[in-house]
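Each of the two complexes below includes subunit A, the first together with subunit B, the second together with subunit C.
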Partner chain A sequence: MKRILKPRERERMLGTLYSAPMGLWFTLFFTIPISIIILYSFLKRGLYGGIEWEFSLSAYQQMFNPSFAKVLFRTVWISVVSTLLCLLIALPCGYAMAKSKHQTFLLFLIIIPFWTNSLIRIYAWISILSSEGFLNSLLKNLGLIDQSLSLIYNNQAVIVVLIYMYLPFAILPLFTTIDKFDFALLDAARDLGATKLESIIRIMIPNIKSGVSTAFIFTFIPIFGAYTVPLLVGGKDSTMIGNIIVDQVSKTRNWPLASAFSMVLTLISLVGVFWMLYNGKQEQHQKKNNQQALEQNIKLHYSQRGRK
Partner chain B sequence: MKGVEVTAQRVSRSYGDFKALDDVSIKIKRGEFFSLLGPSGCGKTTLLRIIAGFDYPDSGSVAFDNKDILPLPPEKRQANTVFQTYALFPHLTVYENIAFPLRLRRADKATVEQKVMEYVKLVQLEDHIYKKPSMLSGGQKQRVAIARALINEPAVLLLDEPLSALDAKLRQNLLVELDLIHDKVGITFIYVTHDQSEALSVSDRIAVMNKGKVLQIGTPYEIYEAPATRFVASFIGESNIFPCTVLSCEPQGEEYLLRVEVPQLQGEVYVTDSIAQEVGSSLDFTVRPEKIRISPNFSRSSNATINTFKGIVEEPIYSGFQSKFFIKLEKEPSTLVKVFKQHTVFLEEGPEIQWKDTVYVSWSANDGYLVKDTER
Partner chain C sequence: MSQQRNTSKTQFSFSYSMLSLVIVFLFIPLFVVVFFSFNSIKGMQWESASLIWYKTLIYESPSLWAAFRNSLIIALTSSLSATILGSLAAIGIKWYRFKGRSYITTVSYLPMVLPEVIIGISMLIFFSAVKIRLGLFTIFVAHTTFNLPFVFMLVSARLDEFDYSTLEAARDLGANERQTLLKVIIPSIIPAVLSGFLMCITMSLEDFVITFFVSGPGSGTLPLYVYSMIRYGVSPVINALTFVMILGTMLIAFFFRKFLKTVAASN
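Then we have the complex of A and B:
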């Protein structure tokens, strides 16, 4: 006899079916590679690259080398500074775009740079910042400086180019949340005695929190793992974790150590994602609590009425 | 008396080709409950936004107690607004929403608590102070907005269609409450609405607006009983309005008795007016449906022959306390005269006037009036 499925069950099966390609994709290109990395980080390094099948914690022990600690520290501060500056620039941009009549055009302007390879864009920055580059010759021609400024091959250059590369990732989520924000609230705040700045800090920022945290994650995670930018515009003291991983894989050929550093990157990124999810959950939880309180209040109200 | 006198003088505001406000002058008395009444797009909200400081006039001046307020930003004006969409801060509780203006002034904790609770009591929200706006009903949200706007003790409270998002019953209750709050705080209220019954029931005075112009300013009684233009007559309450031509005009005591020719009634109508009209001028004759007497038989009282028309009940609409009739005139079947009849006695046999009955409609010369069509 043919088994008849209830609509609910059928839906569930269809759901599994529909999500199969996505599941396959993630298994092939995410779960399996990351498992390999986890596995490699706990193995012994091979003499000429590769690994030997023997359990070892030496990769993690090597990480506590002071020179690596310095790089880790630098990676953190460069990432934090560039991310915060990104947000500071992206906030007014998102605000202006949400208020603008030409949203599609402005969105288009933000997307266009992605049509050019990122390496080419970094080389463009090199030609702007280098000692005989565009910026220095402009300042010289204007008579503002006599000698070239050293604008490139230092940490500042790394931060500038990182901000340039990841600014769109901060602008887009901020724009979408600000676009949904009710600007009448700002009028109300002004009306009640707030200055323009006060109204933005006290009313707008708390109401676009989700956009801010999304923008933070979207910029912080890729910046934290960046390696081309510090490699091409950084100086010898601009190395970041990403560069160490590349070096360990291709030059020193210490695959377990490279894997261990990848693990650190992944873990820190995961912490960020969980923080975002937790924030979202908490808001939902609060809503649910409020809902229950309301229902109780209504019940109480009616029971009191009944007694009268 | 608290509050200030609000004067707008020759205020104009255009958006491109659209004239939102066209040379508007209004003087609102201290402590008055003043309504700006008109259909959407008449400029009433623009005027309110100019007084609040969210919009600026192209020309003209706005003053509180003769002090020009146009150079002041919204936060410096002694006016607070209750917004149509409430504009409550979604991330703050009811308590914090109401406390917001005090927090901005960095008031100390004891003052904040004492004042917030005072205003929470004024709007009867004691049970809801720890709720977020998303958990409140429309009426509760509006009360929060009112308390929040009043806690700064402004001289003027601006209300931008505050009740339009609420259902009819609740609107009536809140309207009464609003009137009580006005009596308690005693400041100037400027109330914007498109709902004539709201404006009539609570206002001290009303300004009727249309297409960026103020057509008439007066008490609810004056506006209803003596509309200045055809638009006012048709917008406030219900009216029978017919174009007419003046045939004669004779003084009668302090007033004038006019005889006008009304083509749509196929006859002449007698009407009194306080001003003399030129013979031959084209005006509109109007009479309120509730002022028209309707009876199944021709009444033989002394001057019953004037302003009396014979017709057939085309459409009776029974609505409990009254009936609405549309009477098709015998002489001019294309004209329908609207008549309201109050049911003041027990109707054992049902309404005494039925569909297709032949009836006589009549009104006294005092109850009709002549208006100008300023938009023609």
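Then we have the complex of A and C:
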């Protein structure tokens, strides 16, 4: 005879049955590997690569070694500069797209280049910027220069290509939030005497804060962890934290140090994500409070204008 | 008033010209590469039109095609396993309360937000700690892992729109668990499952960083092959490959859109 389960038991069993495979998969291939990294970062380096089972903080101490500290510092400034530039470029783009009648088409145009393999996109920049590349031969043919300019293998090239790679990550969230923004508010502000720029800075920006923070995180985290771009278009003074991690694993075979750097990268990414979630929640809360006041103001405003 | 109108117009055209510039900026590198794939000589000086690099690509690049075959195998198998595991888990998480539910939800978002280097390194260290040889299998595992969150997210979003009373109705009418799953739940989430599957395929074909860490000798995928070629400078064969890949993705996207539309219509 079939045993009849109580509803509670049945629910538990079915839920586990459906979700356990993925849960086990993540435990085995995500949670355990990440835990190993955390563990290794507190161990001593083995003589011939690998680790020794002895607690030690030397990996974290080594991070303050001037040559590593410099890379850490460089990673921060390259990421901040390229993320801010991404946002500055993406903001008017998102605005124009939200105002446009051809939204689907424009979205399509922004996304298509993205479908191309990321290595190929980096390669395209190499073939444009390199000393025998497109830009140099174009300028030579036009007679503007005699000697090739060195456009690649420096920090500027890294920043340009990073912006190229992650710009759509900034445009898309900004577009979606600006699209939801009520443009009547801008008109209201203008009618109340604000200039266009003022109305954008004081009315629109506070209202699309969650989009801005999403765009910031979506671009900042992958840029901060960038590996291929600095490797392929950067010079020997453009290594970033991602490159150090890989070098420590594959060349120097210092696993504890690589793990410690990975911890830094992970923590910064997680802080960013939680900040984004917190901002989104706060804004939702604020919106509820503001909504009524705003609506009343606008109604009042329009009724007054009608009377004029 | 007229002055205000004017400022409004200049602002508007500022954002519009910015957008146009960005679109040009996004497309120019690809156009340059595709244009020079029809060049008869190596290098970025235009000589004359020719299809020689396409010939080389098709007939004289066996290792490229071997890498492409690896890519396809990995993409299909990892997307399939990620789609099955992710969809089932989404159903379980959405409708049932059980131990470990919040653990699974949290852990399923993390691989999406962590930098790729971290996922790659942690897997490499894990595989060498448990002494699994790097090869196609380890790439399969890694790709399934980074694909899973996306399927899980897409299917969960679809299930949020699903009307729970349909499920109760099916049960009241005597359907057992297997019948509800096969005849009610799966047909209604199939568009999300399919788009999840396609997303997995594209992400798997595209991935370089994670694959780079977990691949062994002879198991290189197409991006790894491209990487090994571009490390040594500009190669016209890669130019030709770029154009073929762009055409390929456009075609797949086009047919898939049509396919999804018919699925949505028949629902």
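Of note:
Keep in mind that, in the parts below, the second predicted complex is superposed on the first by the 249 of 308 C-alpha atoms of A that agree within 3 Å, B and C clash if a C-alpha of one lies under 4 Å from a C-alpha of the other, contacts with A are read in each partner's own complex, and residues count from 1 in each chain.
As a working rule, contacts are C-beta pairs under 8 Å (C-beta built on N, C-alpha and C of every residue); 3 or more make two chains touch, one makes a residue touch a chain.
Here the structure is a predicted model, which means the values were calculated and not measured.
Judged by the number of subunit A residues each one touches, C leads among subunit B and subunit C.
Touch criterion met: A:Tyr40 reaches subunit C, while subunit B stays clear of it.
By the touch criterion defined above, A:Thr195 lies against subunit B and subunit C together after alignment on the C-alpha atoms of chain A. Of the two partner chains placed by superposition, only subunit C is touched by A:Gly242; subunit B is not. In the superposed pair of complexes, A:Pro206 makes contact with subunit B only, with no contact to subunit C.
In the superposed model, A:Ser130 makes contact with subunit C only, not with subunit B. Within the superposed three-chain model, A:Leu185 lies in touch with subunit B and out of touch with subunit C [touch as defined at top].
Using the contact criterion defined above for the overlaid structures, shared-chain residue A:Arg253 touches neither subunit B nor subunit C, since it reaches no partner.
Contacts of subunit A with subunit B, set against its contacts with subunit C after fitting on chain A, overlap at residues 190, 195.
Every residue of subunit C that touches subunit A in the complex is listed here, in rising order: 4, 7-8, 11-12, 14-16, 18-19, 22-23, 25-30, 32-33, 36, 43-45, 85-86, 88-89, 91-93, 95-101, 103-104, 107-108, 110-111, 113-119, 121-126, 129, 141-142, 144-145, 148, 152, 177, 202, 205-206, 208-209, 213, 222-223, 226-227, 230-231, 233-234, 238-239, 241-242, 245-246, 249-250, 253. Subunit A contributes residues 11-23, 25-27, 29-34, 36-37, 40, 89, 92-93, 95-97, 99, 106, 109-110, 112-113, 115-128, 130, 132-134, 136-137, 164, 167-168, 171, 190, 195-197, 200, 221-222, 224-225, 227-228, 232, 242, 245-246, 249, 255, 258-259, 262, 265-266, 269-270, 273 to its touches with subunit C in the complex. On the subunit A side of its complex with subunit B, the touching residues are 182, 184-185, 187-195, 198, 202-203, 206-207, 287, 290-291, 293-294, 297. Residue ranges on subunit B touching subunit A, taken from their complex, read 52-54, 73-75, 79-81, 83, 85, 87-91, 100-101, 104-105, 127, 131-132, 134-135, 148-149, 152.
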